[in-house]
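You will see two complexes here that share chain A, one where it goes with chain B and one where it goes with chain C.
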Partner chain A sequence: MTNVLLGYQPLFDLFLLHLGMAYSQWLVLRAGVFSLATVGLAAVGAYTGGILVVTLGFPAPVALLAAALAGGIVALGLSVPLARLRGVYQAIATVAFIQIVLSLNIYAAGLTGGPQGLNGIPKTVGTLTLLIAGILTVYLMYAIMSSRLGRAFDAIRQNEAVAASLGVSIVRHQTLAFVISGALAGTYGALEAFHSYALAPSQFAFPFLIAVLSYVVLGGRNTIIGPIIGTAILLILPEIARPLAEARMLVYGLLLILVINYLPRGIADTLIERARARRLSARLAKSDTAPTTAARS
Partner chain B sequence: MSLTLNNVSKRFGGVVASDSVNITVPKGKITGLIGPNGAGKTTIVNMITGMLAVSDGQITVGDRDITHSFADEICRAGLARTFQNIRILPDNSVLENILIGFHRHEECSTLAAMLGLPAARRESGKIREMAIAMLRRFGMSALADFPAGGLSYGHQRKLEMMRALASEPEFMLLDEPVAGMNDVESDSLAELFRELASTGMGVLLIEHNIRFVSKLCEHVYVLDGGRLIAEGAPGVVLRDPEVMAAYIGGEHA
Partner chain C sequence: MLLQQLLNGLVVGGVYALFAVGFNLIFGVQRFLNLAHGAVFMTGAFVAYYTVEAGGPLVLGFLAAVVSAGLLSVLIEIVCFRRLRKSGDAEFGAILSSMGASLVIMTVWQWISQTQVVRFPFDTVPVVIFRFWGLRVSLLQVIMIVAAVVIVMIMAWFIYRTSFGRQVRAVTDNEKAAMLVGVNPNRTYNMTYFISGALAGAAGVLVGLAFNNINYMMGEPYLLFGFAIIILGGLGSIPGALLASLIFGMVQTLSIAYLPSGLTTAFIFSAMFLILLVKPTGLMGREEAGSLRGRR
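So, the complex of A and B:
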């Protein structure tokens, strides 16, 4: 039994790493920013962490903190042009940003190791660290979303005019969401670097962007549990059906098309919504019959 | 203290949507703004609340100039509004729609909110209580957990009003608040508006239902083609030939 579980440990690690990235993507979407920058910001964090440890000999915890900071600061810079854009234009701008980070990682070979990547990163992050990071991340998301920040994010996403008319500063809140998302991406980028010995520029490119976006869209964009469900399904599926693993991106694409058509709010959101509707209509039915029974007695 | 528009104009290219409009909304009273469709009533509200840039003139709350302030700053200056075409947050529950209305008064630090510290949790709990009390006052407690998108038209209008009231404004701009309501519903809202004014709130009521406005307001402004054509007590203003012409048509006046 233990052996079977141990066999799945690498998959569990991967799940926790990708879950962090999924939350980074989830948070900006929840605040109504159509940014896809998570992957690029993760690359910034990963290389910041990797270079600090390998080239400059910093201890891993310090490098991790620096990576979070780097992700947040780059996001802050990126939020300036992004605040002037909306919707699909934000998506295009952030994809361009990913492309820039990717090119820099390839061409600044002296710093980043170029196309060969950064090698010989000491492995300092294991399952326990990732699990702690995962729990902290879920708590952070929960705390944010149940505070005034979460309420403001929800209002902005649904209707900017309403949010503004109620005193919510759109620029301030979207910038904050984007910076937190960037710091989160930076942190998980560095965790990935310290977990896997080596970094290659290509791992933070288009396929990863699609994967992260799929986790959120498939799982659900408006519930905390959404990214957990989405990441779990999309990572476990290719493992259960081994032949599918070869065609991972194909499966992701097909699943996305199906989900967008039949469960447009994502699996978790749709199920939670349905359960709520059932509970409410049951309550309504009860309150409707209550006066009748009272009248009869 | 009052909300004052001083020679406010709005031009969209060559089209003049508001032409040197002067309006004063005192506190503790309901002021009417009427006019036929397309007279530019909503344009005025949008300019006051910072959703449209003002081309010319000045808007002040007390001695504070809000002419070029952002919408969120204007809310914090003490103005709230409802929308002519209802705008609720459809994904959120009825209660959550009211919670966001309290945003202006939430003051826990960003860090406390992010980390879910006790200060933030206390504040969330407090405004939740206040939102529940608001629902009770409007007789909608039973609907608290329902998705706001599924409410009936009348309930959605009331919800929007509760949300605006939650920000505890000094001035409330109501853009056709009783459109599509029956007499019983609109009478109960009329009662509410009187109550708000009696607590010292300044209310600007935008309507084209003349009967409703003349029942509630001591002072009305009449807008036509972006221009004020009359102002004064409803009884006098509504007999004004120009106002009758604007409403009924020139030849029949």
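So, the complex of A and C:
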């Protein structure tokens, strides 16, 4: 039994690492920022952490903190232009940001190792650290979303005009969401660096961006549990069905098309919504008031 | 030397125009960013290659590529976008849905080509160099620029001089008003996507011929350049995309020639970021990039 579990330990580590990235993406989307910058910010964090440890000999915890800080600061800088843009323009701008990070990474070979990547990072992060980080992340997300801040995010996402009329500062809240998301991406980038000995620039490019987005979209964008379910399904699916592992990208592609078209809220959100509706209609039926409206809601 | 670079840039820019105009056409009509456009482009290159490989003439390969890329684009609209358009969250959904389509198409071509880089046979386009005024122009470059100009002109005639084109522009302007005066939006969308895909397919063949490096990943850089071009030109504007493509082709060629290698991409995307910041509507776009929006 332990052997079987140990066999799946690398997969579990991967799950926890990707889960953090998924939450970083999830948080900005939830605040109504259409940013895809998570992958680029993760690259910033990963290389900050890696360079601090390998080249400058800092201890890993300090480097981790610095990585979170770097992710947050870059996100803060990026939020200034993003605040002036909307929807698709934000998405394009953040894709451009990812490209800039990617090509600077390759260009600054003296610092980052260039196309060969950064090697020889001491492995200081194991499953336990990742698990603690994962629990802290989920708790942080839960705390944010059940506070005034979370309600402000929801209001902004649903209707900016209404949120503004209620006195919610759109720019300030979206900037905050983006900075938290950036710090989270930076942290998990560094965790990834300390977990896997080496970094390569191509790691933080389009395929990873698509994976992270798929986790959030498949799981659900408006519930805390969404990214967990999405990440778990998409990472475990290819493991269960071995032939699928070869066609991982095909599966991701088909799932994206199907989910967006037929289950646009994602798995978790849809299920939770259904359960809530059923509970509500059962309660209304019991109190026999206005059964017609109950059936409709 | 500078003149030669500018000429090379013009040729590259012509091919970019084929790619970017189709990309922007869809955005103009539906407000959707079709991220599968790069995959359609690649499909054109592959179809032409396999036609030539099977013994067909290049012209046949070109036509096959244009038609199949156009049909693929229509298929993408039907499978990925049609349902989405009726729901509210289309802007976000379309990006993901077309991303999915792109992944599927890439995987299929990866299987067919067995992850190999394929190349047109050496003599597909004979190597002939013309020299005048101290400039060198190859026959391939002449073909590229002529093809680009002819195709763009056909497209422009279609959009600006036919009844169908008026319908497309009407739907671009205001879908509901267009429906009120009897335009069938679905048919218009189909035709728009066909044109868009056909242009991308043509660009794919030309790029495949010019760089002779056809692989299942070749669409991605062009998609990213396409972003930069339509931002520069203005989202949704066809003349803007044309102008921006030519500028982009020349700037790219010049920056490869004169800037430290490796910084080209960073330079291009930083410039694009700057444009977004200073003038998000681009050269000829409309005022909407910074507007407050309702539910999305």
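The rule is simple: the second predicted complex is superposed on the first by the 288 of 297 C-alpha atoms of A that agree within 3 Å, B and C clash if a C-alpha of one lies under 4 Å from a C-alpha of the other, contacts with A are read in each partner's own complex, and residues count from 1 in each chain.
The definition used in the following text is that a contact is a pair of C-beta atoms (placed from the backbone, for glycine too) under 8 Å apart; a residue touches a chain by one contact, two chains touch by 3 or more.
Since the model is a prediction, treat every value here as computed from it, not as a measurement.
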Could you tell me if A:A161 is touching chain B, chain C, both of them or neither one (first, second, both, neither)?
both
Does chain B (first) or chain C (second) touch A:L176, or do both, or does neither?
first
Touching A:T127, do we find chain B (first), chain C (second), both, or neither?
neither
Please indicate which partner A:Q116 is in contact with in the superposed arrangement: first for chain B, second for chain C, both, or neither.
neither
Which of chain B and chain C A:L140 touches, first, second, both or neither:
first
What is the contact status of A:L149 with respect to chain B (first) and chain C (second): first, second, both, or neither?
first
Check the contacts made with chain A and report whether chain B or chain C touches more of its residues.
C
Touched partner set for A:R86, first chain B, second chain C, both or neither:
second
Determine where on chain A the residues touched by chain B overlap those touched by chain C, and list them.
158-159, 161, 164
Touch list for chain A against partner chain B, complex:
139-140, 142-144, 146-149, 151-152, 154-155, 158-159, 161-170, 176, 180, 222, 276-277, 280, 287
Across the complex, what residues on chain C touch chain A?
27, 31, 33, 79-80, 83-84, 87, 89, 91-93, 95-97, 99-104, 106-108, 220, 224, 227-228, 231, 235, 260, 262-266, 269-270, 272-273, 276-277, 280, 288-296
Okay, in this complex, where on chain A does chain C touch?
32, 34, 81, 84-89, 91-93, 95-97, 99-100, 102-104, 106-107, 158-161, 164, 206, 210, 213-214, 217, 247, 249-250, 252-257, 260-262, 264
Would you tell me which residues of chain B are touching chain A in their complex?
49-51, 70-72, 75-76, 80-81, 83, 87-92, 96, 99-101, 103-104, 106, 108, 110, 112-116, 120-121, 123-124, 142, 145-147, 163-164, 167
